Each structure stands twice: as structure tokens, then as C-alpha cells.
Amino acid sequence: MGARGRMGATVVEAVRSAPDMTVALTVDAGDDLGSITPDNTDVAVEFTVPSASLRNVLTLVRSGVSVVVGTTGWTDEGFAAVRDAVDSASRAGQSVVIAPNYALSAVLMERFARQAARYFESVEVIEMHHPDKVDAPSGTALHTARVVAKAREDAGLGAMPDATTGDETSRGQVVDGVHVHAIRLRGLNAHEEVLLGNPGEQLVLRADSFDRSSFMPGVLMAVRSAASGTRPGLTVGLEPLMD
Amino acid sequence: MGARGRMGATVVEAVRSAPDMTVALTVDAGDDLGSITPDNTDVAVEFTVPSASLRNVLTLVRSGVSVVVGTTGWTDEGFAAVRDAVDSASRAGQSVVIAPNYALSAVLMERFARQAARYFESVEVIEMHHPDKVDAPSGTALHTARVVAKAREDAGLGAMPDATTGDETSRGQVVDGVHVHAIRLRGLNAHEEVLLGNPGEQLVLRADSFDRSSFMPGVLMAVRSAASGTRPGLTVGLEPLMD
Amino acid sequence: MGARGRMGATVVEAVRSAPDMTVALTVDAGDDLGSITPDNTDVAVEFTVPSASLRNVLTLVRSGVSVVVGTTGWTDEGFAAVRDAVDSASRAGQSVVIAPNYALSAVLMERFARQAARYFESVEVIEMHHPDKVDAPSGTALHTARVVAKAREDAGLGAMPDATTGDETSRGQVVDGVHVHAIRLRGLNAHEEVLLGNPGEQLVLRADSFDRSSFMPGVLMAVRSAASGTRPGLTVGLEPLMD
Amino acid sequence: MGARGRMGATVVEAVRSAPDMTVALTVDAGDDLGSITPDNTDVAVEFTVPSASLRNVLTLVRSGVSVVVGTTGWTDEGFAAVRDAVDSASRAGQSVVIAPNYALSAVLMERFARQAARYFESVEVIEMHHPDKVDAPSGTALHTARVVAKAREDAGLGAMPDATTGDETSRGQVVDGVHVHAIRLRGLNAHEEVLLGNPGEQLVLRADSFDRSSFMPGVLMAVRSAASGTRPGLTVGLEPLMD
């Protein structure tokens, strides 16, 4: 679904190139979702728009098809509705994967930031994007900051050292105690860096997404997981699949 | 032991500054190791020279003291001798930690490189050091390359893509199929970077050790572990303590 | 010329988007170069293949047209032939620009490396490219290394400090005394870094070319220069135009 | 002057190690400046505190000695007073160099940022320091941003592209239209990065000052310039000496 969009077209191409997959159907706005059934489709990939995504996913789940969702803008209510639908689904092993970011580098970077956070006095997050992006900081950077803050709290760490006084505008946005900085630069696509510091040492984690092809390995991994039926129900985020 | 060396002096200072530790004794070449006993010392820290280290550690283990070792140049025979000694040691919970690198950033970077390796088509390792270093590449970079190569092999990945033909001098040293590059630059201390690439994306892991204070959090972590008695026997490397 | 190639098509699009230019003709292999004359064309842009480029450029110069050349693989003999042709050209202000790299970031990086080289004890060059590239190191990195070596020599600097002994495979290719390292990583396009070091400090210059659009600002700058007639004759490289 | 301070002590050591210089006198707070005369001193180096520096420099200039000043906190009035004093000084070729930053990498980075600014759509400045620093952003980063903004204005460039709407806290401090971001991280010393972007390309300029020894090459360069008598009068900043 969304096969004629930029992202959808990239997915279609990626699936075609994968040796273990075939493209069953391509569907876009205006097409009938009823054409997608367990008879012709193991896993549907949904890259549409926030206003259509929930309805699409529920329809597909009820048809007995597993779904991998790349559309963003999901709410807790949306997750709950999908979880209910898929848990009461008729077909065994049916599943839905909804991930805010399919770039493996971004998913791993956040995992590593979470693992490392407790060992360092200081942590800051920097995200860099093209200047046409309307929100700052990015949703991914916000999420990383919250995950890092949680890991520090769980480890009993207090506030980070920071002697700054006076105007703090240049110090960025403080998210649960973690400073987040957003760069906007023509030529960039989507990049995120986590800097962790101790006396005499620094650990830098950086994920670069240069273009939309960066999401394909993650999408294919989710499709394989959904097709295998080994993780029935709703999975939010790609990380649970990476073990 | 080695308290008058540069590294030893830094350790003494770090232990003095730690709220949960005190310096029992400082010992250097020529001093009598017999003065170190379980009565006055919970954990001995050994930063000396390869020619003395094995003998020092065995003496201390037999005296009933736990030891944290920062001296490099250990062989498999050395490890075996220490393992035997500490396994047959009289005092319950006695332990020895021998780590090639006490910088937490370096230890975590290698852990993350190992975890990430299976998800990427390409991986290369770059290490950067001051130009007075005599060996290239660094032992840490060699170890990282081997760990990465092993993780790729375990995941069934084949050779990395590389169309280079002709003179390959600029492509660095190939360690188990992983290219390793060594930079020598005045002003640097010890830095290592692992680059991982997929179509459209890159993950960069970088550890910077700016000076010898960077090893202190790791040394103190090892001392605390050894003092706790919860990991009896020989532990090689800092990573097993980080969980 | 070369308008149906990937690079040529990008140039055609860039010229169309430039407010001060129009596309007169698009020509590709098999088309008649005779159709290009001073009556319909101020500046021809030539992105073809090494085997055709010299002949194309000479034909155009003799027709009275200025040329901007992006095809690589030029030899000193080729440069000399073009220089002779354009110097004896009939039309006033006629010019040819042949540049190995039209990315402004790469051109500026090399300029800065040349300016900075004399002030630092150590300099090394790292280039990073996609793994389908057949040569290593890149022509640009080789050129940068030579330029840096020349600047050091002119300033009376001697060899860089380097205590490495034994196997030096990881130390890269030594070009006029400058170590050059080549990384090949899926996901990357064309990137170059120059590291300069002194006691306690480092200067890093890095140019990233993420895709072929990165060459367009440089191509348009060369077209404007050629159209203006202010730099008659042959210009090799983009840097002379940047002042 | 200020020879017992950390910076002063480092200068004394650097001068001692320089093959073409000798330490004439070391002076600190409480010592008599009258002991410094053209008979025993060619160039005085002044690293004291803002409250004492102007008076020290004026006294020395009137004694007929050239001065290199590393103390920060200078005002336009201070510069004017020193300029008057040295311009009316008795000894031919007498000079004063006052620089806010003696790290060659930082001075060159700002020069390169100024040269490059006109060729790029987007520019942002990131500075990274240890968390004990009280001001943010650093004076050097502020200066770089102003220099970049001026170069863009001189080249007739307008505002940079930036579609951000809503909360812009993460976008840093806007200095003459240039976004400046300040990172505070344990383990770092003083680092500054300028990112410049065009469609498809990025130029990164980065200066790392790892410790106070990074200022010595710049201090010695200023001392040599002052001793040579070739730049009489007041010079503000190190850049005019670097040609």
C-alpha cells in the first residue's frame, strides 16, 4: 500500500530484488484493499499517510494478512486498536510490525546509547537534517534522549555536570535532562550523533541515513519476521526483531 | 605496584579520590611484595612492565590478595598460570582481572561493533594514535577486527564488497577479511573508529582516549568487582564486568 | 555532450534550473558536433568518456565555442593540445575549463589543506568511497597528498614523526611522504578527510559528496566563468575560478 | 608575566624548548615589572588576568619591550590604549600581539570558514567544551559565526534555508543569522566545528584543542614575529602573522 509514493516505490523495488520474496500486488490510494487476501499475500507493507494508516492496517488484519507499517504519526490509541485486532485475529502467527524508523543504523545507535548511558558522566544528542524538515528536534532524537535519560535514572545517576550560567540558548533543548541539538544543512538527509563523555574519554555513536534506500534492510527484516509467524501480535519498533 | 610510574601515579590519585576506597600501600620496583597481605589490602592494582607482571601477580595471588592488572603483553601461558593459581587460591572470592584496555569507551565500542557487525554489508576499522607509538595497527584495533570478523562469520556473511584492483597499499591491513587502517598524528593520543555500511546508511562507532585518566573509571570498576568477591577466578577483559 | 549519461542528465537539469542560463542543445554519442556553433551556444559542457573527450573538445574549440569539461582521464599531452587549440582560437575570450572534480567542498578542502600544511607537524589523508570503485586511493586523494607534500617542502619542513616499526601494511600508501588511506564502504559515495596535527591540537578538513548533484554548483560556476570571457585560454581545476 | 600560572608555566617550558629562544626572566604577580628592559628582553609574554593585563602591557611598551598577550577579556578601549602607546613608542619595530586564541587549528579554521562561507547555502557552528566552562557559546564560536555571517553578506547571500516551525529551542543561538550550538561534555577540552552545506555536498572544518600545549606553536609564532620587528604596532589576532 502506497506503492506509487516515493517510499512505496523503493519498497517495491527492494522486495523485487530480494531473493526470498516476490511482489504479490501493488496497491495505492483509491485501490480496493479487498484484493489483498491471505491467498495471494503473506505480508502487506504499508507506507501511506497518517490519516489513512490505522484504517488500512485494521482492514488488513481482519482480512488475515500480516502487516509491516512504515507510516509515521501513530498514537497510543492507534497502537491499542491494532493490538486488539491482531490479538483476536483468526490466522495463527499473524502479526503487525510498526516502527518509527527502519534504518538499522538508527535502531542500533539508540540501543547502544541506552546500553552505554550508565557508564558516562555526560551525554548529549545532536541530530542533523536537510533544511526542509519542519520539526526540530527529530522524533528519533527526542526518543533517543528519553531512552538515555531513563537508563541514567535506572542506574541512579544524577544530573550531568554543566557550569553554564547566563544565556543558555546555544545549549539546545533539554529533554528529561539531556541536551538535544538540531542542525539544518542543505545537502544532509538524516543523521544523529550521541556523544558520551567521562574524564579523559569520549564515546561517539553516529547513524547516517543518506537516502531512502537506508530503510530497506530494516523493512525486509520486518517482512521476513512477519512472514515467519514467530512473533505473533503487535511489535512496536524494530529492535525486538534484532536478536 | 608500579606506583611511581605515570600510570601507577594516576591510579593512586584516582583511588584516593574515590569515596569508597583508600590507598593501603604504594609499591614500586625494588620494594618488597611481601608487605602486601590480605590484612592490609583487599585489591592490589598492578601497572608495571611485561617482564615483571606475571611473577608479581602470582606472588600476590598466593598471598591471598585479589589483583587488577593493567600491564600489557600477556600470553596464553601467562593467563593459564594465573588461572591455575587463582582457582586454587585459599581465600574465598579471590579474583584477578587482566584487561588489555581499561577505557570504558573502547570496551563498549568493541561490544557494539560485535553486536552490529552482522547487520551490515561492509565494516572497516580505523585507529589513530600519537606518532611515538611503535606498533601499527594497535592491539585494540586488531582485536576489534577479529571480533567483527568472527561475528560476521557466525552470522553466515561472506566477503565484503570491494572492487579495488591494482595497487591496494592504501587499503590497509586485512585482518580476517576486515580492513584496518592506522593513522599517526602528533596531538592525538589513542582513538579508534569502526565504520559499518549498508545501502544508503552508515553507522559510526568511535572511542577517544584523550589521556591516561580515561582508564581510571575502568580500573575503579575492576577494583570494585574484585573487592566484592562476586566474580572469583580470572577475568580477561573488562566487558564481563559491565552488565 | 553526454546529455543522456547520468552526469550529463544532471547537468541538463541544473542548467535548466539556473535563472541565468538556458539549454541550447543536448548532444550525445552518435550526434553531430557540427550542430554546436557560436550562433546557438555560448558554452558547451562535455561529460562523456576519456576515449572521446579530447577529440570533442578540440572540435568545439575550433568551432569557436567555449567548453567546460567534466570527463576525467586527461593526460599532459591532452592538456597541451587543448591549450594550443584555445590559445590560437579565433573568437576573443574563448576558454576551456577542465576540472578533475567539480565539488566545491572538495576543491576548497584541498586549498585549505595546502594553506594549512606548513603549520602542522603531521598530516594524513583518508578517502572513503562506495565499494564499486576500482581504483584506490582516489585521484583526488592522491592529488591532495601531493599538494600537501609540496607545501611542506616549500616551507622547509622535514619528514613527519612516525615511530612505527615492523609491519607497516596498516599505515596506508605513502605518497611523497604523506600517508593516504582508502576506505571502501557500502552506503558511502565520495568523501575525503585531511587530518593535521600539532602538539595538543588537530585540524580536520572533510569534504562529503553524497551524490552527483554535488558537482552542479561547480559546473555552473565554470559555465558562468567561461561565458563571461574573463579567463581566456585553458584553466585546469576549479580553484583559479574561486576568488 | 604570569609565569607561575598554568598557562605561563607551559609558555616558559615551550620557550626553553625552542632552539631559537631563551627565557630571560620569569615574572609573576607581586614581582617588579621594572626588571624587564630592552637590555635583557626582546619580547615579553603576558598571560595574567584581565584586571592586570592592560596595565602590564602599557608599562612594558613604555619600557621599550615588545609584548605577546594571551590574557583574554580585552575591550575596544584597551586595544585603543595599547595602539596609542605602541605607535608612539621610542624603539623602532616595537610591537604588541594580542590574540584571543593561540591555537593554530582554531585560527586557520576560522580563516577557512570565512573563505568558504560564500560558496554554500547553509552554515552552522558547533562548539564542544568541558562542562566546567561557564559561558556558552564560547567567544571563539561567537566570533566565527560573525565572521561567517559577514562573508555571506559581502557575497550578497540571503537567509539560509530553514523550514523549522514551532519550538526552535533545539536549533541553538542565532548569531547574525548563523545558528550556534554548544555541547558540554566531560572529557572534552575545546573543540569547534563549522558545517557548510550545498545540494549533495558538505564541507566540515573542525579544530580540536586537546590541552594547553595546543597554544604553544601560536605563542612561539607571535614571539618570533614580535622579535623580528617586521610588524610594528598593534596586531589583534594571530591570522595576520600567518602568511
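For reference, chains read A, B, C and D in written order, and residue numbers begin at 1 within each chain.
In this section, a contact is a pair of C-beta atoms (placed from the backbone, for glycine too) under 8 Å apart; a residue touches a chain by one contact, two chains touch by 3 or more.
What you are looking at is a predicted structure, and each value in this text was computed from that prediction instead of being measured.
*Asks:* Please report the smallest number of touch steps linking chain A to chain D.
*Replies:* The distance in steps between these two chains is 1.
*Asks:* Which chain is most remote from chain B in terms of Cα centres?
*Replies:* C
*Asks:* With contacts counted as defined, which of the two, A-C or B-C, has more C-beta pairs across the interface?
*Replies:* Here the pair linked by more C-beta pairs in contact is B-C.
*Asks:* How many angstrom lie between the CA centroids of chain A and chain C, rounded to a whole number?
*Replies:* 39
*Asks:* Please compute the C-alpha centroid of chain A, do the same for chain B, then give the distance between them in whole Å.
*Replies:* Taking the average C-alpha coordinate of chain A and of chain B, the gap between them is 34 Å.
*Asks:* Averaging only over C-alpha atoms, locate the centres of chain B and chain C and give their separation in whole Å.
*Replies:* 44
*Asks:* Touching at least two other chains at once: which residues of chain C meet that condition?
*Replies:* In chain C, the residues touching two or more other chains are 120, 187, 196, 198-202, 208, 210-211, 214.
*Asks:* When you draw the chains as points and link the ones that touch, which shape shows up: line, ring, star, complete, or other?
*Replies:* Drawn as a graph, the chains make a fully connected set, so complete.
*Asks:* Quick one: which bits of chain B touch chain D in the complex? Just the residue numbers, please.
*Replies:* 187, 189, 208, 210-211, 214
*Asks:* In the complex, go through chain D and note every residue touching chain C.
*Replies:* 103-106, 108-109, 111-112, 115-116, 119-120, 196, 198-217, 242
*Asks:* Which of the residues in chain A end up touching chain D in this complex?
*Replies:* Result: residues 120-122, 124, 126, 128, 131-137, 141, 160-173, 179-188, 195-202 of chain A touch chain D.
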